[in-house]
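Right after this note come the structures.
Both of the next two complexes hold chain A, though its partner changes from chain B to chain C.
Up next is the complex of A and B:
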């Protein structure tokens, strides 16, 4: 939905405050929200699905409680009982102090991993309501500083980490030198527009080299865009549809300008759900192209016989499914098909696929420095899973998950390196036969 | 009474009943009560040896329908056999004696078999607080006669819905203050064989069980033998497939009625009625009410006479017309629609007055 600008609003008065926040909460209440709150049976199963509650044991981290501000707005303004209670002065009101208290619950202790939505016996989509609640929090001025900073940088510089094209340009040159291949830039009419995440550009430059090699191997036409290379969406993380829509528009503009058929979201979880699922709703129109996660594209190429590999990794490997990819988007089998290509000893974590456990860093938690202790606490769930199968290395396909796994494993002195699945595939490509 | 000196087996042979007919009866009775086949020889042996028990049958506020039912035997003279196997010492409809001689026979039997006789009751009776004059026999109130007879009884069998649950005499406004037998007797083993009237084989089956095993069969919460009252009419009804498909007769004369569809909408109480009609049927297995095209009245259930119209479907309110229901529904939809519209307007207003967030604004907060 495109943002509705009310001309009556005084531009001078554009400060965040409680009234503005309540209006944003109110605007988020729809049929599903009313149905969800009406159906909650207070069973508490959502608590048992939440790594933040389970690893801290603090009941305030029960997922449904995180929605209390949204629930109070719904109850007091949309239900008869709430109105009667309000008239009698018995209805609890959402105050600025309450929202300040809830900031930790809605941001720091929720990675929007969606496990609570999955297990809720009455089907309440709790993580979607956390996303909605964040709209109200931003408008009320209760968004964490780390996320606000990322959103500002994303809008103003094109990258949540303040990264610029010139940095990427240096990367591209490195890749070209080391691989002897050309990284196509601003090529119109190709099959794929490749998006990246700043995290990859800075921390995992091997990703760009890997896709360059794989696409050359498979004969795929692709390009980067100087107009927009950033796939991540800080607007989704902080929970504001105006900024989220603006960032999605940039990707759409770049893709339309180059006339590509497909857009590839990188090894990142939320970037994929943002552009694949939320995007068209945010901008209010259909895309003239299709969107895939890199893992989906690689599996398609594998199925078409366009990827030929040789040799296998001989150590014991296990796989971490990113929540956004597996639970929220159903991309589960693809990464396993690819693992089978290159892994000799692949062992599943005890709970994987749709029911995997979050690494603890998603949903903006990793951009929110204040949430560091909670992020590490939630990681203990993943750690226990990894300990149960004792892999020699972990494989994943999301830069945020990968960073969290690396940092968490290091914190607990576990010597288990983490690799990206795309690089693993690139390492095993059969060399192209040189034309005679 | 020489018969009392004989075992059942001896007595049957005296009466010219063949061994074959006797075993057939045992097999039929055992299968009726869902007993395992291995128990048939045991039952036959037990019945052979059983001393014919004295039975005293008291009829109170009743219509004799239950006795009529019992005498409508099917299967080779099963009920005749039962009558041979017991010593029916008092039954004022069936006995030849009358007047003082009849009462004397009862008193003699009670005295001779004190503690051992079976007491069968059909019909309800005016309770202890009611006017005893509504029903008397030989000048004795039903209540006094029952209390006197029950004292030496080994067990009590209440035959028919009137005896079991009060039945028609107890129906509103219950002018005679009628009560069921189980309302008065708490300290003796008691079986209710309900039905208006009960299926004849059920009466004989309970007696056979008592004779063969010396105890009463397993009972449900209304003291009815589970073997016969364990399943609902609905669950065993041959028209059930039509119910499952949603095919219902709407009147007694429509296409559905002729095609033999489910009678639920014509008021059939099959789903809430527990009895053996659907499996054992009536008149020597000829037919039964639902097969004859009439919904089940639920006659084996407590208060069946007062449970609303026989022709009102079970789950439809009996006191609201369809117009009233539709009006209430329309009013509810109108109120719900209005509330939903108002709520949507609130959301739309909020969305319209929502100020878009800009990066500049966010930057000011840093």
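Up next is the complex of A and C:
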């Protein structure tokens, strides 16, 4: 870790101030950022893509407006005109008060779903700039407590929820008892290192049992690592590269130590983008292994004929694409191939794939307790989509999305259970022929 | 030297010294902005790409011109007025025969134009659409919240360029040298403020779209 002490690690640290924040904003400005800010015409179309604006109707949640601190730093320090204005004392400056006001905009009302980046007429990648802005916010000491707490726990315990290996161990034993299979732990040289998310371990233990069954069925060699099982990255969510890099290194160390060829990100969209796309850049080097989301692996196994299923779900099923997996990572067709294997009546939501709508809980919104009302408001967009096709159950492949869908649907008294796609596949595996 | 108060003197001033000044500020200012963007560049990306960057980037440069169906449904007025006046402005700028003659005189290249009455009609439609965007900006909660003095300044200058062109062509300001001088002056104002306002998007939007398409394309998504 760099000598920078982070308030997330040490909340009492007083070294975090506006100056540090401005330096962090400055460090995030690159060619794309300059091109994006040079191109914004204030057309407001981005608001039409944001569930937080659309469902509250409050114009302060317009995506491009969330970037005002970053934009001011760019304008005043990276443009000729801004420097001229600065010399004349006409350039507006980023202040502590401004950042305090923007904290809600950059964290509570943005799940970094990236829909705005897909619709901006001039091509601004607004989501990427929100991610960048968070670096400045943390360094200035303006990050939400909920996320700071998660980051502290992730650094100290390895899990943003403070989950320890012994809890997972208990689950492993349950899975072994109920499935009669062995969950491999610390097995060197296998094909896949399976990572988990704490939320999954706590809320959806059925996932571990599902992959244990599927990998046994398909003859895949895999392992968990006692050294590191957490795939999510609280450093990325809050916006601190030092913490984020530290957490990525833990995964890399575990994978390298076991000598695995591939690392599997769990049913968690955030974990996947974190380890797949941001990770190598955080540590500044390529991985000696490849990274896949579990859905990609399952679809590869399907394509290779290594998954044989029987029977289909007969009720009407629809699919929620996690933003991080679909729009931000290009995993779109794979889940549909898998749905075809096990769903008799599959109906798409009106806007899906790269144009899906966020559940409202991503980007750290769900770890930020005070954002609860906004999280629920944003969910209404998803709810409307679900109401439009009236499925009997929803299927998804992200523990955060799944929790949000379950809580949201229950809040609105909608009796629509939510299932994970991996479990659904596991439920339909053809039994292996037992040797006589 | 003819006095500026004399219409012909005013026209000669706008066509001569002021034109040179405007072109110089535009060219230097724009070059500075493009350099500011391109010199910053991007950091190396160590994540294993799913696909290339160039093709998806170029595709996004083209495809962002039109919205996705959902966005169109949610913001039809914004999209339609925006498209109409942009197309109208480009038609009047690039396909009006006297403009083509001017470009030919400056750069030696030319192309066929459209009949004057047609461009006249397009210009009238553009003025109406521009007026509509202003009404929208003043009334839509998001646009109202986003708008700064710069937005209204840029709107005014853009509107003046089109309006003075329309008035000059239709001989609604007399004498004609004054009308033409006012049109040229507006165009020069447009060029002068371009590198220092959101008008830079005329050039940088293509860079922005490319970066966007490249970033998503690398991850296997056509943005």
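Here is the rule we go by: the second predicted complex is superposed on the first by the 422 of 436 C-alpha atoms of A that agree within 3 Å, B and C clash if a C-alpha of one lies under 4 Å from a C-alpha of the other, contacts with A are read in each partner's own complex, and residues count from 1 in each chain.
One rule holds for everything that comes next: contacts are C-beta pairs under 8 Å (C-beta built on N, C-alpha and C of every residue); 3 or more make two chains touch, one makes a residue touch a chain.
Predicted model, so just to flag it, every value in this text is computed and none were measured.
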Exercise for the section: Examine A:30 and indicate which partner it touches, taking first as chain B and second as chain C; both and neither are also allowed. Expected result: both
Practice task
Figure out whether A:344 sits in contact with chain B (first) or chain C (second), or with both, or with neither.
Solution key: neither
Handout entry: Greater chain A contact set [chain C / chain B]
Key = C
Exercise for the section: Classify the contacts of A:315 with the two partner chains as first (chain B alone), second (chain C alone), both, or neither. Expected result: neither
Practice task
Check the residue A:78 against both partner chains and state whether it touches chain B (first), chain C (second), both, or neither.
Solution key: both
Practice task
Quick one: classify A:253 as touching chain B (first), chain C (second), both or neither.
Solution key: neither
Handout entry: First, second, both or neither for A:49, with chain B first and chain C second
Key = second
Exercise for the section: Considering only touches as defined above, state whether A:281 meets chain B (first), chain C (second), both or neither. Expected result: second
Exercise for the section: Could you tell me if A:59 is touching chain B, chain C, both of them or neither one (first, second, both, neither)? Expected result: second
Problem - Overlap of the chain B and chain C footprints on chain A, listed as residue numbers - result: 29-30, 34, 78, 80
Practice task
State the interface residues of chain A toward chain C in the complex, per the touch definition above.
Solution key: 29-36, 38-45, 47-49, 53-54, 57, 59-60, 62, 64-65, 78-81, 117-125, 128, 276-281, 283-287, 290-291, 326-332, 351, 354-355
Handout entry: Complex interface listing, chain C residues touching chain A
Key = 29, 32-33, 36-43, 45-48, 50-51, 60-61, 64-65, 67-68, 70-71, 74-75, 78-79, 82, 140-148, 151, 195-196, 198, 200-201, 204-205, 207-213, 215-216, 219-223
Exercise for the section: Would you tell me which residues of chain B are touching chain A in their complex? Expected result: 339, 343, 346-347, 350-359, 361-366
Practice task
Provide the residue numbers of chain A that touch chain B in the complex, in ascending order.
Solution key: 3-6, 8-9, 14-16, 20, 23-24, 26-27, 29-30, 34, 77-78, 80, 138-139, 141, 143, 145, 148-149, 151-152, 155-156, 238, 240, 242-243
